[in-house]
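Heads up, the next two complexes both have subunit A, just with different partners, subunit B and then subunit C.
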Partner chain A sequence: MGGDLTNLEIENDAAAVGQSWQRSDLEAKVRGTFRYTADLPVPRCLYLGVHRASQPHARILNIDISSALEMPGVVRVVTGADLFGIYGELIYTGPAFADQPPIAIDKVRYVGEPIAVVVATDLITARAAADEVYVEYGELPAVLDVDDAISGSDYVHEHLRPSSVFSDLKHLQGRGETNVNYEYNLTSGDVEKAKANSDKTVSGEFWCPPTSHVAIELFSTTAWVEGNRLEVVTTTQTPSYVRQALASMLDIRLNQVRVRTQPLGGGFGSKMYDRLEPLVAAISWTYKLAVKLEITREETFVLTTRHGVAVSSQMSADSIGMIVSAEADVRYDTGAYADIGPRIASKSGMVACGPYKVANARVRSRCIYTNKTSAGPFRGFGVPQVTWSHESLVDELAREFGEDPAQFRRKNLLREGDVAPMGTVMHSADFVGCMDAVTSAIGWNTPLERARGPWRWGRGVAVGIKAVLTPTISNAVLQLNQDASATLLISTVDMGQGSDTIMAQIVAEILCLGPDQVRVVNPDTDITPYDTITAGSRSTYHTGNAVKKVAERMREKLISIAAQLLGVSETDCKLTNGGVVASSSQKYLSIDEIMQLHFGAIGTTLTTESNFTTEWIPYDKETGQSVKVTEHWFAGAAAVELGVDTRTGRIHIAHLAVAGDVGRAINPALVKQQLEGGAIMGLGHALFDEIVMDHGQMINGTLLDYQLPSVKDLPDRLTPIIIENPHQTGPFGAKGVGETAIIPIAPSIANAVRDAIGIRFTRLPLTPERLLMAMAGEGD
Partner chain B sequence: MRPNVFRPQSLQEACSLLEEHEEALVYGGGTALQILLKQGILVGSSFIDISGIPGLAEISFTDDFLRVGPMVTLRRMERSEEIRELFSLASSAYAKVANPRVRNTATVGGNIAHGDYRLDPPVALLVLGASVELTSRNSIRKVPLEEFFVDFQVTDISAGEIVTAVEIPRSIHLAGSSFVKLSSLSANDWPSASAAVGLMENDNGVHTLRLALGALAATPVMATVDIRNLNLDQTLEASLSKAMELMDPIADVRGSVKYKLRLGRVAVEEAIRSAWKEVPNGR
Partner chain C sequence: MNMVFQINGRDVGIEVSDSELLLDTLRHIGFSSVREGCGVGACGSCTVLVDGKSVSSCLVLTSRCNGSSILTSEGLADDDPVVSQFIKNGAAQCGYCIPGFVMMVSELLSENPIPTEQEIYNHLEGNICRCGSYPEIVQAAMDASKAKQTSKLTC
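Presenting the complex of A and B:
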């Protein structure tokens, strides 16, 4: 047993971090053998069909379920009143406000809200019977515009219901006669004075419409009762949250609810918090039935959206072109239910002045109810919408001074150690580096032939800033198996971003293992430990830190056992490829040997666990100031060269470069894919991606009419650029990258359009019609 | 309810089935029908799947015509070397429909019968002077495409009739032609405006411009313009004024009436300019 190091070829060539490991699910996905959540084996189920509201705001006067009940195969029809009768107020759930019933109770608040749910023996019957439910509505005036919602006297909710999850919302409890469910205020310096003394001021009224996530995988939730426990298999980015929300709603213990999910076919924020789960769980638990809800593509459009956002903003600079003040009045249209809107309004409102050194700032950011589909998290968490404002303004300001927009930004951008308007210091957020990288990639300073036939060409740049959600919690459990393979238990959900791959890389790096030696277990709340959410680009940093820690603990544990077995001190031991070596004696034991000697058996496991929790200092309620409002920052930039066809208004993008400061790229290939994916999604939002509403009805809620970028809409060249400024406390210096790219895309494109045709657009998307009409002087 | 599906093995059988089952619909590639089903617009219909009938997926040339069977896919129309050579206008329009997945599945018969005012292929086929063969249990008739599109989503197909061929005459010789499709949203979306132009030539040069428009009125529409002795600018002027008479766009998520009118003019102008370039020695 054992061996002499000199006789063994041991070298740590397995270095994993910084390598572009192939994603762990690649082969199964390419071959089509990958099992998504809806493919998991579940007990024989009854199916649910949902009858949805056709009115945006109305009292439910009567629900006639008789003909649905008569249909063969229909087991029962459940209404909100049924559930309210059993669970009372507990039936209302939501991450910030407990305002959302799984099925409408007394009134409907958006078109598409569930009113009755059919339980039937098969899916076709369930859906057909749902059509046979007849509802008598007592129409109420609908609140359809975010500004009317503020000034009007029609209310979506009679009173506010902050949830117990966030104690800082308690003061809003029971407030009535308002549609504003949350307001964040930031003030620093003296804006009025600074503005009065400034040289130039620009202002704008900006609008970003709601958009749909359109993850390829549809939502699916199955629930059944096993003894006194509820089993749930669901498409979710937040298994830990769902377990907690369901346990609270049903008033049962956490260990009575088990939530599982498979890696998702895309999430982008849509599969978070309370989606199908409360509805399916309530029906399953109440009637002790195994039930499955699979929704159609069309239904996904009314399930959740990105926030439509209005921003009225101003920016002023002094005579040498330094920004001296910035203001923004931000209105998030959160739809019928608050969802995480209040958090979005504050965390995104706080960066509404942009990544600039601004001594005098004022932001008012409000989250507002309207009678529309409830808006929720969407890649960027509300930040792209405020970036649309500040990056358009700063561009105009640069032009007022006749200065190059990149140079103007360079003078004003926050740098390492600078304090942002909300009082927190900048670290590992290289805005200048990102901007310089993208501008140089597209040849910013090279001559541009501006007029080519009917085409007009231009260039634009934009920079983005976002704070990571803080405070949050991640946990990890690691099992090292006797054969030197490892099993990692975390609740981070791989949804295409490749988290299963990079978490394995982190373990492998610490324990000197190879690509096939680490398996990441899919989230299962019976097995994998609590994790706040897989969203907001937080997993690489937070779960990554927990994973690094759990692997380091395993290394310590292994070394301590090996030291005893080798009869040397722990400090003398080193973990290398496949085993532990004593430096003094060069004696070596493989992991396999260590485990066998330690346990006296084969097939054994060694377990460690870890926790990584971030802290913040809550911002001051009046000023929005905090010296530590976030654990870390995301910095990104995009630059674009494009042409506008003056005959049709169509934009053609020749080159789009996008950069993100990721601290350190654990897996450069996956980071680049995130940058590209975010850029393409942002491109859709810039050009035509938009939910179109008419009197509260979504009129393009199908994939025929709701447009996403096709392969033909991509830029001729798309250049993702990784910027690495290691973060002091990131795992190996790393931070996340899921949202970095999407943030600056739309303004970079609009700024290039401004450069090309001299027109500033303040409303998204930049459709050919909008451009053409503006060029004809008939713009909106 | 799941629709009933019949799979006739002969045209005769298909026609009989169609007569027996009044609500029955012919099933081509199903790309349009499946969407209508999913949207709940079609409920309880029966389908007559004609894919098993021999001979309906053939492309053949006679002395007078190119004859295309109804089950020929759009992709084949796009890819066929012979069609590209003889009727490049048709190939280029078929090539612009949706995306390869749709084109691989959708059929020439289903495309025409669908009758949507925004369809791309009919715009080119109108300029090419195509006609549609309609077969029922007791008759076969040929309808010029110009008369085929009757009104918004309404074609001349009567109950009991099946599209059994689309024919393009070899007699209309186009010296230059072009199909232009302009979309307002994603690049391979339905058009907001499309135009096909064909220039007819005799020994004295170009004499007639055939012009058809898609997505700009309740049906695809077509006109001819006498351009004898006209230069390019005069041709543009005459054709654009004709086009303005034909246009009566419908506002939707893809654009307002005003915008589509502008786009229509651009499509026409672009199509004419590019067709013009194909005419040897210009004029």
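Presenting the complex of A and C:
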């Protein structure tokens, strides 16, 4: 055993970090053999069909389930009252407010809310029987507009019910006669004085409509009881959260609930927190049944949406074009249940003045109940909606000064070490670098032929800022197997961002392993350790740090065992490809040999564990100020060159460049895909993506009516640009990238339209009809 | 009714109800590459080839396929150039929509071996990739077309 290292490389010659490793599951995904959650084997199940509310706000006077029950194959019909009778208040769940029952109790608060759930032997019967449920409603005045919700006297909830998760919401307990469930306020400097002394002020009333995530994989949840345990297989980005939520609801121990998920067919924020799980789990646990709920695309439209957001904002600059004050009144239409809306309102409110040095700022950001589908997290966590406001305003302000919009921003952008309006210092957030990269990519300073027949051409730019979710927790467990393969246990969910691949790369980098040597286990709360959530672009940094740490611990452990075996000191030892070498003697032991000598058996494993937790300093309740409101920042920018067809109002994008400061790209190919994917989704939000409501009814909630970007909507050129300003505490300097690209897209396009035809749009999306009407002097 | 069709080159005899959808039949038999994304023919994630023509299996009654030959992405050859080029170009993020695109590209290249970029766009317009892997998908289609040409020349 052992040997000299004459022919072995001392250094790891196949560095993993910074390499564009192929996605670990790529081949199976292309061949179609990849198994998603709904493909997992589960016990023989009964199926659920949901009868949904047809009224936005009404008392439930009577539910007639008799004809549904008579249908052959129907096992039972469950109502909210049934569950409330068993679980009482515990049946209400939610991440910020425990305000949502899995099935409506007493009253319905949005069209599409579950009122009764049929359990049947097959899916077709379950759905058909759900149609046979008859509900008698006592109509209540519906709260449908976010501003009416603030001023009116009809209330979606009798009183506020903060959950136990966030201690800072406790004081809201029991508050009544309001639809505002949360308000974030930011103040710095003296806005009135600064405005009075300023040279120019611009203002606007902005609106972003609600949109649908439309992850192409539909939601699926299956639950069954085994002994005294509940097994759940579900499409979720938050397995750890779901386990806690179900255990609390059913009042059982955490180890009595097992939640599993496969990599998702897209999430974008939709598959988070309480979706189908409380409903399916409650029915399974209560009646000791194996049940499965698979919902249709139409049902996913009413399950969750992106927030519709109204922003009234102002920005002022002094005589040399430096921004001196900024204000924003932001209203998040959160729908019938708060979900994580209060957090969205604060985390977005704190950046509502944009990535600029502004000494005097005032923001009020409110989260508001209405009688609509509950809005939740959506790629960008509310920030794209405030970016729509600040990037439109700053563009107008530049034009007021007759200055180039890019140059105007460059003067005002936050730089390393600057303090942002909420009081936190900037680090590793290269706004200027991102903006310069995208403008130069599209030839910002080259001449542009503006009028070409009926077409008018223009260019636009926008910059975005977002804080990473803080505080959050990630854990990792690593097993090194005797044959130098490794098994990584984490609860981060791969939903296309490629986390399984980059986490494997981090382990491989530290332990000098190759592409096929690290396996990442799919989230399973019986096996994989707690992780706050897979969202908010947090995984590369948080889970990445936990994974780096767990691999480093493994390296230390191996070295310490090897040092004993080799009879040298630990500091003399170095981990290299496949083994440990003593520098002094050049004696070498392979991992296989180390493990065999250590354990005296074959097939053995070494285990390490780690935790990575980020801290923040909660912002001041009155001023919104905090010296550390987040662990780190995301910086992104987009620039676009486009033409507007003045006959049809159609926008044609010739070139869209998007840049994100990712700290360091662990896998550049995957980072580029995230940038491209975010840009394409953002392009949909800019041009046509919109949920249309009429009297509380969604009127385009099917994919026949809801438009999404297709391959034909691709810009002629799409240029993703990676900017790398290593973060001092990121794993290898890395930060996340999932949301960076989507944030500046819509305003960059609107700014280019403004440049092309001279019209400022304040409402999204920029449909041909809206453009035509505006060019004819009507509409916005 | 009792019916017989070919799936990926193998004869399959089954009993189906008149209202059963091809999507459900194929998934039931175990072809999980065929996936529902919308159920109304608007996303393409359920695309399969029936007698060489792409169909949205969420809109097709299984009983109508009696005697037909059906191809799903699981049935493509090990060295299928479309599959190889999707892999080479990293043309997938979440991957859910990808088999549908693979089948659409297969159909296109068998009808039109050297498509222009515009023809690729036209052919793939009905398929939605919410992750936005379109640039890689289009590149994979072009590369697969080239690869097919080269392999023809060298044969």
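The rule we apply is simple: the second predicted complex is superposed on the first by the 774 of 780 C-alpha atoms of A that agree within 3 Å, B and C clash if a C-alpha of one lies under 4 Å from a C-alpha of the other, contacts with A are read in each partner's own complex, and residues count from 1 in each chain.
Basically, a residue touches a chain if its C-beta (ideal position, glycine included) is under 8 Å from a C-beta of that chain, and two chains touch if they have at least 3 such contacts.
Note that the structure is predicted; figures quoted are calculated from it, not measured.
> Report for A:266: first if it touches subunit B alone, second if subunit C alone, otherwise both or neither.
In the superposition, A:266 contacts subunit C only.
> Given the touch rule stated above, what does A:203 touch, subunit B (first), subunit C (second), both, or neither?
It touches nothing on subunit B or subunit C.
> Go through the superposed model and pick first if A:704 touches only subunit B, second if only subunit C, both, or neither.
Both: A:704 reaches subunit B and subunit C.
> Quick check on the superposed pair: does A:216 touch subunit B, subunit C, both, or neither? Answer first, second, both or neither.
Second partner only.
> Which touches a greater number of subunit A residues, subunit B or subunit C?
Of subunit B and subunit C, the partner in contact with more residues of subunit A is C.
> After superposition on the shared chain, which partner residues are touched by A:679: those of subunit B (first), subunit C (second), both, or neither?
The answer is second: A:679 touches subunit C but not subunit B.
> Figure out whether A:712 sits in contact with subunit B (first) or subunit C (second), or with both, or with neither.
Once the two structures are laid over each other on A, A:712 reaches both partners.
> Taking the superposition on A as described, I'd like to know which of subunit B and subunit C A:778 touches: first, second, both or neither.
Touch status of A:778: first partner only.
> Taking the superposition as given, does A:66 touch the first partner, subunit B, the second, subunit C, both, or neither?
Touch partners of A:66: none, neither subunit B nor subunit C.
> Find the residues of subunit A that appear in the contact set with subunit B and again in the contact set with subunit C.
Touching subunit B in the first complex and subunit C in the second, residues 296, 702, 704, 708-710, 712 of subunit A appear in both lists.
> In the complex of these two chains, what residues of subunit A are touching subunit B?
124, 128, 131, 296, 298, 647-648, 650, 687-688, 692, 699-700, 702, 704-705, 707-710, 712-713, 767-769, 772-773, 776, 778
> Provide the residue numbers of subunit A that touch subunit C in the complex, in ascending order.
Per the stated touch rule, the residues are 20, 22-23, 25-36, 39, 213-218, 263-266, 268, 296-297, 495-498, 669, 673, 676-681, 702-704, 708-712, 714, 718.
> In the complex of these two chains, what residues of subunit C are touching subunit A?
31-43, 45, 72-74, 76, 83, 86-87, 90-99, 102, 120-122, 124-138
> Under the touch definition given earlier, write down the residues of subunit B that touch subunit A in their complex.
Interface residues on subunit B, with respect to subunit A: 1-2, 35, 38-40, 99, 182, 184-189, 253, 255-256, 258-259, 262-263, 266, 270.
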